[in-house]
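You will see two complexes here that share chain A, one where it goes with chain B and one where it goes with chain C.
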Partner chain A sequence: MDWGHVLRLIAPEQVLSLAGLALLLVAAWGGDKASRLITWAAVAMLAVSAVLVVPALCSGAEGADTLLFYGQLRVDAFAAYAKLLIYAAAGASLLVAPAFFDQAKAMRAEYPVLVLFATLGMGIMVSATDLISLYIGLEMNSLAAYVLAAFLRTDERSAEAGLKYFVLGALASGILLFGMSLVYGFAGTTSFDGIHAATTSGMNAGMIVAVTFVLAGLAFKISAVPFHMWTPDVYEGAPTPVTLFFASAPKVAAMALTMRVALDAFGAQVHVWQQIVIFAALASIIVGALGAIGQSNIKRLLAYSSINNVGFILIGLAAATPAGAAAMLTYLAIYVAMTVAGFVAVLMLKDENGDPVEAIADLAGLSRERRVLALCIAAVMFSLAGIPPLFGFWGKFVVFQAAVQAGLIPLAAIGIAASVIGAFYYLKVVKVMYFDEPVGKAWGKSDWVHQALLLIATLAISPLGYLATKCLASYADKAAAALFHLV
Partner chain B sequence: MNGFPILSAMMLVPLLGAVVCLFASASSARKIALAATLVDFALGLVLWSQYRIGGDQWQFRESVALFQGFSWKLGIDGIALLLIELSVFLMPICIGASWKSVEKRVGEYMAAFLLMEMLIIGVFTAQDLFLFYIFFEAGLIPMYLIIGVWGGANRIYASYKFFLYTLLGSVLMLIAMLWMANDAGTTDIPTLMAYDFDPAAQKWLWLAFFASFAVKMPMWPVHTWLPDAHVQAPTAGSVLLAGVLLKMGGYGFIRFSLPMFPEASAQFAWLIFVLSMVAVIYTSLVALVQSDMKKLIAYSSVAHMAIVTVGLFAFNRQGLEGSMIVMLSHGFVSGALFLCVGIIYDRLHTREISRYGGLSINMPRYALFFMLFTMASVGLPGTSGFVGELLSLMGVYQVSSWVAAISGTGVILGAAYMLYLYRRVAFGDQKNADAAAMPDLDAREIAMVVALAIPVLWMGVYPESFLAPMRSDIAALEARVARAKPAGDARFLAGKPTIQTHAEHEGAE
Partner chain C sequence: MIQVIAFYLFAFMVIASGAFTILARNPVHSVLWLILAFFNAAGLMVLCGAEFIAMLLVIVYVGAVAVLFLFVVMMLDIDFAELRAGFMKNAPLGFVLAIVLLMELLLGVGAYKAGALKLGTASGAAATPAGVSNIEAIGALLYTRYLFLFEAAGVILLVAMIGAIVLTHRQRTGVRGQDIAKQIARKPSEATRNVKPGVGEGVQL
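Now for the complex of A and B:
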């Protein structure tokens, strides 16, 4: 093994781990006074990592050259694409944090460090081509995430969210580990290529059980129905910057991981898991939409919305084609932009004391007090509902196109019809902001970082986004081709 | 005009206007909106004058491969040209109608209308399947806001109903479009119009498109969003809905259902006929008992649209041309009728018919124009309504005399409810003092109703101006659907003359 080559390939991970360790020391010596500095330094390091990742995506890296550590990791274009999204989402959740935690007098220097370590874990997740490295990445991300959920230690809801996330996350990890052990038992190997080779001639009943357990464990991580119950509680309880993080980066990582497991490791027997994925997709779309209708808290609403979106992304997986994978990746990119815009907007909803406003009913008349903010939230809502010309439509369009091309027309028809249910609650938010009479609430000033991020993310999901479809599609195609080892 | 992207320009002008209006003060927003719509109307006139009748089927073509999977491809034929003219003509009137009556959030209101205009032009000009879908669906957002923010008391219910009904109809069409693009390997509408889909698949595709267009049209029994949306929308919103948005459904049938799925269209023609016949009779009767003026006109719209659908599925030239003329005529006439309602609503703030009466005494000019539009709606010869309804019914008579007879009762019932409305509002005693004190039309209102009266009379007296641009396109469509044309039950054929030479001979014996 050429170590120079290896070190070059894992340069982003080295940057993140060294930066994390160094910043931890700075945090230990500098204390919380240095937290803003550390945050900016962490964002800079994420940017450096992103720059290091770009060449692999642009060149469409794939094949034997990308395998590392005797088949533990695969640093291909697919991993690069997912990492870029993860870094962007992590960067956004770092940028919005200081203004939020300063208000609660709870800004601590550990926050950016934890986000960096979680991001490092996610980088390993999306590159993993072995069950062992998969698990290491997953736990590295999860352990950091449990702490982040409970970051507002004095807030009961935050502590509850952390505990809930930890207990259910541990359960999910247990299920996943159990499935992995079965896979190892029946396939005799933990490497994805090995599992693929061992199952080309068929899967026995034990292996099918193993696949089911592995997918169930992963479904927890992507919060697909029926393993979604923790999502609304954790999203509501966790501090909003952390919720922004949970809803974006780990979703991308877990989804990318699921794609690699399903399409690579179990890719020889698509029909075994296709029904599971179809069920999870439709159930997520419908439960996500129905569950959201009764919500009065905007963070819970967005949590259900993310369950709903996961359902749409899984339709691309059910197609099990390169076009389906490319569609999922496209959707993920748009999803990250919508999530960032949505939660940054939630962060900006503050009363005159700077306390967060989370009840949807309190948004009444927002369109008259804060016109730009209301316009941005409306854009996010219509985009999440998938109404053209907003860019959220494009995500749905490509996954349904992939499903139709794969012949899954009933799935596409049911899925898209169910999206109308979702439109109902997105409309509710717009209705409250635009149609209801103002309740005479005074709105607080927003941080400039929040405003800038919201503006950028909203522009990305505006109709202008369609101008980027060609570029987005070419990268998503490269990443999907790498996933399928196509030349 | 070679090379100048006039269609894109017509979409860009209202879009820019919308963005500026969003940040402008109330009075300047009104002026900007009026200026933008007038510029668009001027461009529309240029478009009409430059359109070469008998030239290429698709003119003013533009194509830029901007997006992945679909492209910015525009172009119009005669059918689209007329509908665009209708839209750009009605838009300044919509702005004028809301000049005084809209006082809150004027900038956003004008922006929504301008956005709507841009999207409508997009629908009629798009030559790419998915570009069409994007414009078609995008109209939901501004319309939802127009009804919800500036509507009447029950506006929220109406806005939800409008949005969800039309969305559910459209998403199924999207799946059908994805299938078609996958099967035919292209998203180019002119190519798809000549592509022969497997008749077995056509059935499903037709139904998916029908789900969308029937809701937009609207056809019975999915018409129930229309009266709610109309009644709750502000006057200009109603003009826009009735005048232009309803035409999207008919345009969809002409552009997609008929040429792309001729076999399925023939197969389902009876479904259309039955639904339309029910609509003509049922909604006319419902209109007869309405006490709310706007609701009455809304139901009359459903009845008129039913005449459009029977004409479309007659599979012959008269039917198709008649449907187009009914659509154009209905655009002007129902727009004008909603405007007439809006004019007295602005004075008395009620749409209850019984609150008015004897308006011909204190508002003679108003009564005159209201009479003209009432007669046009009834289909009096000399007005636009007559030409369209006559052609449509002539067309469908060749397919089925029963359908023609039953649809024809729509004209009689139409006369009943419209004249009854007119009698109660304009004639009789001045029962209510406040209604009797209303002033007659002012200059702004006269300008609007006169502008609408001109095309109504023009189309009634000399319809050739409107028939000529679309003649070759209708002929092409007729040729395309000819292979699936159903046999009629009432075709008159000139009998062969028999020579009666034997009679005399026999009589002599």
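Now for the complex of A and C:
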């Protein structure tokens, strides 16, 4: 093994881990006063890692050169694409944090450090090509996430969210590990290539049970129905910057991981897991849409919306074709932009004391008081609903196109029909903002970082986003090709 | 011959200290018996040639787990009279569990008599290299093939540590901690003063 080559390929991971360690020392000596500085430094380090990742994506790295550490990691264009999305989402959740936590007087210097380590774990997740590296990446991300969920420890809801996330996450990890141990038992190897080779001639009953358990464990992590029940509670209870983080970066990482496991490790026997994925996709779309209707808290609404979106993304996985994978990646990029825009907008909903406003009914009359903010929220809602001029439509379009090309026409038809249910609650928010009688709430000022981020994310999901479709599609195609190019 | 004596010694001690663990009335004594059981089990492992597991038993189980138990037992104020009061209530459940265990034992012995499972020996990449102790073999794998994952696992432990501190550490107010630097930096001029009390006026402090 040529160490220079290896170290060059894992440079982003090295930057992140060294940055995490160094900033931890700064936090130890600088105390909570230094937290703003540490946050900016962490964002800078994420940017550096992103720059280091770009060449692999642009050159469409694939094949044997990208395999590291005896096949435990694969640093290909697919991993690079997912990492870029993860770094962007993690950066956004860092940028919005200081203003939020300062208001709650709970900004601590460990927040950016934990986010950095979680991001490191997600980087390992998306490049894992071995069950062991998969699990280590997943746990690194999850452990940091449990702590982040309970970060406002004096707040009862935040502590509850942390505990709930921890208990259910541990259960999911147990299910996943059980499945993985069965896979190892039946395939005799933990490497994805080895599992692929061991199952080319077919899967016995034990292996099918193993695949089911592994997919169930992963479904917990992407919060697909029927393993979604923790999502609304955790998203509501966690501090909003952390919710932004949960809804974006770990979703991308877990989804990319699921893609690798399904299409690479179990890719030889697509029909075994295809039914499971189809069920999870349809159930997520329908439960996500129906569950959101009764919600009165905007964070819970966005949680159900993320369950709903996961269903649409899984439709691309059910197609099990390179086009389907590329569609999923395109959707994920748009989803991250929509999620960032949505939660930054939620962060900006504050009353005159600066306390967060989360009830949807309180948004009445927002369009008159805060014209731009209301417009941005409306754009996010229309985009999430997939209404054409906005970019969210494009994601749904490519996913359904891939499903139809793969011959899954009934699945696509049911998905499209169910997305109409989703449109109802998205539009309800717009109706409350624009047409309901104002409740006479006074709105507080927002941080400039929030405003800038909201503007950028909203521009990305606005019709202007269509200018990027060609570029986005070419990168997604490269990433999907790398995923399917097995050597 | 000496191996056989050693085996019976360790085995007897494991069973005896296991029995005392559940029979001891004082929970602290129970934990101490448990530690003795771990030590003897480690001896058994050494006899099997699994010295790595023997070390794990001593370092992890005795050094960390059992000592932690000891702390917990000592710190918790458990009323054992009250615990025993529930004995009759839970006795039926206990009996059911005992019967299940007995069945399992009988089944196990029966299966063993019918011929043990052929597990086979590890081959290929999974086989232990010849002429190397298993600590050396594990170490060689851990620091070469699994180096990245080993380091990553270290980061996970660090994250767990940071997490525990973030969630529990707080600045307490109203406690009088000792600040040694401040104590040493005290000068006589700040701590004492010269007064000349007048006769019959008392002292002003």
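Methods note: the second predicted complex is superposed on the first by the 485 of 487 C-alpha atoms of A that agree within 3 Å, B and C clash if a C-alpha of one lies under 4 Å from a C-alpha of the other, contacts with A are read in each partner's own complex, and residues count from 1 in each chain.
As a working rule, contacts are C-beta pairs under 8 Å (C-beta built on N, C-alpha and C of every residue); 3 or more make two chains touch, one makes a residue touch a chain.
Keep in mind that this is a model prediction, so the values were computed, not measured.
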Legend entry - Three-chain arrangement built on chain A, chain B and chain C clash or fit: fit
Inset, instruction - Give one of first, second, both or neither to describe whether A:I132 is in contact with chain B, with chain C, with both, or with none. - result: second
Inset, instruction - Could you tell me if A:A473 is touching chain B, chain C, both of them or neither one (first, second, both, neither)? - result: first
Inset, instruction - Figure out whether A:L427 sits in contact with chain B (first) or chain C (second), or with both, or with neither. - result: first
Legend entry - Touched partner set for A:S17, first chain B, second chain C, both or neither: second
Inset, instruction - Return first, second, both or neither, reflecting whether A:I416 touches chain B, chain C, both chains, or no partner chain. - result: first
Legend entry - Superposed model, angle subtended at chain A by chain C and chain B (C-alpha, nearest 10 degrees): 160
Legend entry - Partner chain(s) touched by A:F397 [first = chain B, second = chain C, both, neither]: first
Legend entry - Which superposed partner A:A144 touches (first chain B, second chain C, both, neither): second
Inset, instruction - Between chain B and chain C, report the minimum C-alpha distance in the superposition, expressed in whole angstrom. - result: 40
Legend entry - Shared chain A surface residues [contacts with chain B and with chain C]: none
Inset, instruction - Spell out the residues on chain B that touch chain A in their complex, using ranges where they run on. - result: 66-69, 105, 108, 130, 133-135, 137-138, 140-141, 144-145, 148-149, 155-156, 159-160, 163-164, 167-168, 171-172, 174-175, 178-179, 181-182
Legend entry - chain C partner contacts - residues on chain A that touch it in the complex: 10, 17, 20, 24, 68-70, 72-73, 108, 110, 113-114, 117, 120-121, 124, 132-133, 136-137, 139-140, 143-144, 146-147, 150-151, 153, 162
Legend entry - Residue numbers on chain C that touch chain A, as the complex places them: 145-149, 152-153, 155-156, 158-160, 162-163, 165-167
Legend entry - Contact footprint of chain B on chain A as seen in their complex: 367-368, 382, 387-389, 393, 397-398, 400-401, 404-405, 409, 412-413, 416-417, 419-420, 423-424, 427, 430-431, 434-435, 466-467, 469-470, 472-473
